[in-house]
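Heads up, the next two complexes both have subunit A, just with different partners, subunit B and then subunit C.
Let's look at the complex of A and B:
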């Protein structure tokens, strides 16, 4: 098996925030913490694009490199997880992460930060799989049940794909081929808008947000 | 007098330049090692009985469920 990855198809994402809601519900995520969020570019402008973003489970994760207590690790499947018992809530991982994935619940008065919380790829943490303690600290462990992350599995338009990178990249490649479009089947222009769309936006005389 | 001034200035120059060696100032980065609790594999549970192939097949089938071109016949 290859590595576990997320892939968001910006052509399909309709900014319904279903993935965000499903994640919060599945893991009983506390108030103020969003393990996943939908980012929209050129919001309200024709041709806007939305992307669902969470921890990307980087192969060379910068959060692992900067953690002063070395509490973040890679699983065999390439999922980036952490041990909350060891985390000191310093926030270095938040500064290092290019996706803003690490979240910090407000643990007390005066803005005191709690321990880091982030997307676990629905793989729990270093507690006994499926235990009450694992759920309390990290949320449900769907991967140990042979299931994939809830956000991807319940996505209504199947914009968000999650799972074995070989499988999801094959699905995306097939999808892009079915759409048509010549040489620019897969790439930046397909994902973030073709040149003619940019021209249309320019013609409409609006400024992007 | 002239000689003593020369000796003193030579000593001062030697002392002043003593700390001018060029040494590498940057430490070599060393990746830390995970210090937390050990995690078990997702197939190391009663549902899969440590059978990695069975777990991989289950996850792969689940992944294919995201492909609407093949789903539902």
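Let's look at the complex of A and C:
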């Protein structure tokens, strides 16, 4: 069985927020909740990188570990889903998650939390696949329709990959090996020794250029 | 040893938040010149928990990875649940053993029928508001902390979820009532809870708990004073205030603040509960007449002499109006 994963290629992400919009549109996400967001690191500085982030569907998921009513679970494909009928809105999953994935629509005064909402890897919830009930609570179940998550499918630069871990890892690995040269990637010094020695060689008329 | 580890982990949690700062931006800009595809400075700092840029509005949406949750999870699911559970069980077991060996502490002299007023209406109302809300908070809090391991397997998912949801709401609404009650309680009880010379004697005899000898005390003995300062006032305030941080997530507090508050809240609450077991035991089956004192506000003269001898004497000597003395100093029949 496939192990589902997201992988965001920071060399390709252009912070267009297409994934964010696609997700909101596909699932009728509750007001105030963003299942996916794009964070730009070192914005405006040469070498800035953007990463699209949502629930990472962890194998050792902190949310599952701390949920006091045990309403979060792994599917056979490694997708982390939760049962909104059991969720009590305590916020523990939100404390534990490093990615800020679990969020709570406000259910009352003083920030009282409603049922947790998060990315489902477009795999719905515990309800019958494709049912009205499932859509209302969790959004569309694209996996049951044989499709992959809409965010990854919509990504214009194919920075965001979602799907079987083996497949997307291979895609990414191929990209990484093709990208740039050894010297560009790991630096001249690491690839060919210290610069002074290279210059010495050049001075001795050994190398070209 | 393990306790030290726990404190070290809490300290780490604090330092992790303090040590953010990003020299990585400059470093990355420089690195970019020579090694365009090397993002090591960016990724090296990615777990710092520092807020970066995002178009998403909301609290901490710019934080890509918040590392504190891992520490919080390890503390809560590890030592807090384990040692907290052990502590509560040990205290309960100790009380059961003590009761089995010693039984209820009864009066040695027969009752006189003359009643002294020990707690006035304000004392009693605040005590019972605090007591009832404390019990509700304690039971619902323990349900959230241990229910997954103890109740969930018995009740099943659906029933336990109902119980926990109701519990969570009771907990969140009762919390503020509890804080109010302990503030009033502090004002009502503080005057008789300062150090008095007789307390030294009480400590020297361990309150007569071990050998059962009589140790005279004022209106409150040293044990009651410890419960007042460490329990009601100290832990009461710590647990209430940390609870408020969690109860009202609408003040833009970040996850680190809530993780830290939760650790303080749970550790404080477990200690508070452990102490309360002792207090509840003494106030019910442990000492005959203690529960009636708080229910009716009055105690029999014999009870007063046997448990709070100095209080009775003081009251007689001081005459009318002495605060904390038996009502108007004159033992009054009710």
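In this text, the second predicted complex is superposed on the first by the 180 of 209 C-alpha atoms of A that agree within 3 Å, B and C clash if a C-alpha of one lies under 4 Å from a C-alpha of the other, contacts with A are read in each partner's own complex, and residues count from 1 in each chain.
One rule holds for everything that comes next: a residue touches a chain if its C-beta (ideal position, glycine included) is under 8 Å from a C-beta of that chain, and two chains touch if they have at least 3 such contacts.
These numbers were taken from a predicted model, which means no experiment stands behind them.
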Does subunit B (first) or subunit C (second) touch A:85, or do both, or does neither?
-> both
For A:28, is the partner it touches subunit B (first), subunit C (second), both, or none of the two (neither)?
-> neither
Applying the touch criterion given at the start, work out whether A:174 contacts subunit B, subunit C, both or neither, answering first, second, both or neither.
-> first
Touching A:43 in the superposition: subunit B (first), subunit C (second), both, neither?
-> second
With the two structures laid over each other on chain A, which partner does A:146 touch: subunit B (first), subunit C (second), both, or neither?
-> first
Go through the superposed model and pick first if A:123 touches only subunit B, second if only subunit C, both, or neither.
-> first
Could you say whether A:133 touches subunit B, subunit C, both of them, or neither, answering first, second, both or neither?
-> neither
Applying the touch criterion given at the start, work out whether A:99 contacts subunit B, subunit C, both or neither, answering first, second, both or neither.
-> second
Where on subunit A do subunit B and subunit C both make contact?
-> 65, 67, 69-71, 83, 85-86
In the complex with subunit A, residue positions of subunit C that touch it | 22, 24-26, 28-29, 31-39, 41-42, 45-47, 52-56, 58, 60-67, 69-70, 72-73, 76-77, 144-145, 147-148, 152, 157-158, 160-161, 164-165, 168, 172, 246-251, 255, 258-259, 262
Touching residues on subunit B, where the partner in the complex is subunit A = 31-45, 47-48, 55-56, 58-60, 62-69
In their shared complex, at which residues does subunit A touch subunit B?
-> 1, 64-65, 67, 69-73, 75-77, 81-83, 85-86, 123, 125-130, 141, 143-148, 152-153, 158, 161-164, 167-168, 171, 174-175, 178
Residue numbers on subunit A that touch subunit C, as the complex places them = 10-11, 17, 20, 32, 34, 37-49, 51, 53, 62, 65-71, 83, 85-91, 94-100, 106, 110-113, 179-180, 183-188
